[in-house]
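Which chain is which? They are A, B, C and D, in the order written, and residues in each are numbered from 1.
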Amino acid sequence: MLDKNGIARRIAKEIKDGYYVNLGIGIPTLVANYIPTGINVVLQSENGLLGMGPFPFEGEEDPDLINAGKQTITTLPGSSIFDSAMSFGMIRSQKIDLTILGAMEVSENGDIANWKIPGKMVKGMGGAMDLVASAKNIIVAMQHINKVGESKLLPKCTLPLTGVNCIKKIVTELAVLDVLPEGGFRLIERAPGVSVDFIKQSTSGKLFTEADVKEMELN
Amino acid sequence: MINKKVADAHEAIRDIEDGKTVMLGGFGLCGIPENCIAALVKKGIKDLTCISNNAGVDDFGIGLLLKTRQVKKMISSYVGENAEFERQLLSGELEVELIPQGTLATRCMAAGYGMPAIFTPAGVGTEVAEGKETRIFEGKEYLMEYAFDADFALVKAWKGDTAGNLIFRSTSRNFNPVMAMAGKITIAEVEILVEPGELDPDHIHTPGVYVHRIFQGSAYEKRIEQRTVRTQD
Amino acid sequence: MLDKNGIARRIAKEIKDGYYVNLGIGIPTLVANYIPTGINVVLQSENGLLGMGPFPFEGEEDPDLINAGKQTITTLPGSSIFDSAMSFGMIRSQKIDLTILGAMEVSENGDIANWKIPGKMVKGMGGAMDLVASAKNIIVAMQHINKVGESKLLPKCTLPLTGVNCIKKIVTELAVLDVLPEGGFRLIERAPGVSVDFIKQSTSGKLFTEADVKEMELN
Amino acid sequence: MINKKVADAHEAIRDIEDGKTVMLGGFGLCGIPENCIAALVKKGIKDLTCISNNAGVDDFGIGLLLKTRQVKKMISSYVGENAEFERQLLSGELEVELIPQGTLATRCMAAGYGMPAIFTPAGVGTEVAEGKETRIFEGKEYLMEYAFDADFALVKAWKGDTAGNLIFRSTSRNFNPVMAMAGKITIAEVEILVEPGELDPDHIHTPGVYVHRIFQGSAYEKRIEQRTVRTQD
């Protein structure tokens, strides 16, 4: 079973040389720490930055330079700044190769719910609805099972949706899964020490498995 | 050149009255019009509809206007960092309309670009789409969203000249340029106000034609919402 | 009767302090020469400039700095440069207070034709259709009578239209005329030495005149 | 950063084939991709659909492609300065679609901003409106115009870095940034190509994400179409 950093490490392997990538808040942010050396990737922050760098050194924080999670960050050589309209313009026009974001639920037809829990204070969808509706390639980073032991991979989302028919791939503490165009989850890899049966039990939506499901390689 | 300079925030917001719709630039606490917000608080104008990506924190940014109950409605994409906001919302004192961040930005741009409506896929199939016209282009579904109609836009730039030209610094740019274009009256506060000719025309982000009043702000706190650092290796 | 410079001089009197103005090619360009001192005006050139200055001195021409007529120009202190989309964005959103352009024909309901003559090589409408459809305040600078002696102020345009119901004011070599919201031209001023009768003869569209039509003041 | 640098115009346009739709930046002869045009002429690609505000003059700019009859169709707002253009048009060799300049610019921007269509009042009630959907917003009529779909965009910037970031100089900016956003493949030629980090992120007009290939052009003629001067007093 993977911890959050393990999920981030596995997702990092999906990133190809030359990708522009938007990382959501939470586990997706951790992905930046595991991008293999030799792979040139540009991180987009939807508040208006391409070429996001690491956190600043203590004392070098710039209040005018934050990411979409409102954290102080740095820029890298070759970065560019733009306004929010252009930022979502490039998202909508699919110039961003990969979007990685968290979810509360994903359904077997690729719907995602990650912004609202009825009865709880709503914080807002931020840029998530734009990202999921626009991106050609979305990976969800999430826990397979919620805190009360229920599967978050469902036949149908129960929470208000963020986007429909948009998720292609999911990486959880248990597995890597594709969302099939015709509907259903396909088990691609299992986490180290996790059995296919356990993944089956933990997946409430339709799950397709093959005879031999390989274990994730994390390096 | 046309001189847009006013003395201070108080003069700049002189005609903002109860019940007006006001856009405020900024993302989180980054690039917010601190001086204008302080002047609105001091003036005590009520029943404002605020269009801003976020709602500030309890004791800073738009949070200051919430504390004094000057806001009737917030139109934002994310309002998560504010306990007073939550209290007012749950008690029914405050109305909130949440819209996707890209839709928010593009509806501002649409106003500045004289486009009455735009199409975006954001929110298709979700509750955001309820009651909205949808349309399919090349097999993909889009919502039609209308340009904003704001009485005032309050924006914060780094440098400006008295002709109203604005230059933003780093990610404090965010919503400021698109809101500057969208206000019926746009008020810009800047850290450094210079004479026409001191800014390179090629570096200007917001042309002065969009700005009606400009002043040099003071005592910028520029509070950091999430101070994240790494340690020296 | 006015010459081209006279028409430009008369139009310049319509420009108020604080105006952003777009000047078309031809007579409108001449208007810039007659803007009264003490009046602060910013000229927009729709290829992407606010704050257009005079022609450069010999030897100081910059091929990267032209106006919409493709003439070498200069910038003034406080000018700004932007792309074509923003340029027409500010035109459509009516940030430009006054547009002055030429015409082949104007009709009594404010339609304008100025871009195409059937049977002749079409050069294109350039930005004229955007300008006339967007501007809240348009003045047409044109000859009252064409080269074969026919009125250009018509009940209805005969040439393909550039825009409908958009012209508010016309300045010709003979007169200043308003286009009335309910239709028809209203004679406001006559050029020095030009009689109201001559203007009536020269106007094919419906013309409203008052008992006493004052002569233009040009200073 | 991702390296977009290619050796020269020839390499940059390697996959532009007969029949493709190509946007070309520039206004008149100002800010046109001179090196790319020369390479297209040399390569002899035919049946191009060119989207460009103007069509050059007889012996420069897109006029060079017209002379060699490489253009099947021009989509422009103004094509007035070109005798060969006129000849081909009248003889039926060349197809031309004239669209309002603001519509041209905005249809480029729409493509770059992922907006399938936009609304503009330009052309309402004229022959430009023929066959187009119209719609009334707040009593004013608009045409719906579609985003362009161009295989390639060829743009010219002043400075660029190998990450594809572009800075334009003065009014040679014009259509270049919006076309840079709109091409499926965008090729930028620059007068000065530098390494990442040499351009101020706040000064960049076109972020590198929109640019697929960049090279330093050479031998820029930058011809002046209408040399107008005043005399020293």
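Simple rule for what comes next: a residue touches a chain if its C-beta (ideal position, glycine included) is under 8 Å from a C-beta of that chain, and two chains touch if they have at least 3 such contacts.
Remember, it's a predicted structure, so these values are computed and weren't measured experimentally.
Peer 1: Please give the intersection of the contact partners of chain A with those of chain B.
Peer 2: Under the touch definition, chain A and chain B have D as mutual neighbours.
Peer 1: Of the chain pairs B-C and C-D, which one is connected by the greater count of C-beta contacts?
Peer 2: Most contacts of the two pairs: C-D.
Peer 1: CA centre of chain A versus CA centre of chain D: separation in Å?
Peer 2: 36
Peer 1: Taking each chain's centre as the mean of its CA atoms, how far is chain A from chain C in angstrom?
Peer 2: The separation of the two C-alpha centroids amounts to 56 Å.
Peer 1: Return the distance between the CA-based centres of chain C and chain D, expressed in whole Å.
Peer 2: Comparing mean C-alpha positions, chain D is 28 Å from chain C.
Peer 1: For chain A, what residues touch not just one other chain but two or more?
Peer 2: Residue numbers touching two or more other chains: 49, 75, 81-82, 85, 88-89, 91-92, 134.
Peer 1: Quick one: which residues in chain D touch 2 or more of the other chains?
Peer 2: In chain D, the residues touching two or more other chains are 106, 113-115, 120-121, 168-170, 173, 201-202.
Peer 1: Could you classify the connectivity of these chains, where an edge means two chains touch, as line, ring, star, complete or other?
Peer 2: Topology of the interface graph: other, matching no listed pattern.
Peer 1: Go ahead and list every pair of chains that touch.
Peer 2: So the chains that touch one another pair up as A-B, A-D, B-C, B-D, C-D.
Peer 1: Quick one: which bits of chain C touch chain D in the complex? Just the residue numbers, please.
Peer 2: Going by the criterion above, the answer is residues 45-49, 54-58, 60-73, 75, 81-85, 87-89, 91-92, 111, 121-130, 133-134, 160-165.
Peer 1: Under the touch definition given earlier, write down the residues of chain D that touch chain B in their complex.
Peer 2: 106, 113-121, 137-138, 140, 142, 146, 167-170, 173, 201-203
Peer 1: Note which residues of chain D are touching chain A in the complex, please.
Peer 2: Residue list for chain D touching chain A: 1-3, 111-115, 161-163, 165, 181, 195-197, 201-202, 204, 207-210.
Peer 1: Tell me, which parts of chain C touch chain B in their complex?
Peer 2: Answer in residue numbers: 18, 20, 40-42, 44, 49-51, 75-82, 85-86, 88-96, 134.
Peer 1: Provide the residue numbers of chain D that touch chain C in the complex, in ascending order.
Peer 2: Within the complex, chain D touches chain C at residues 27-31, 53, 76-80, 86, 89-90, 96, 98, 100-106, 108-109, 120-128, 158, 168-178, 205, 222-232.
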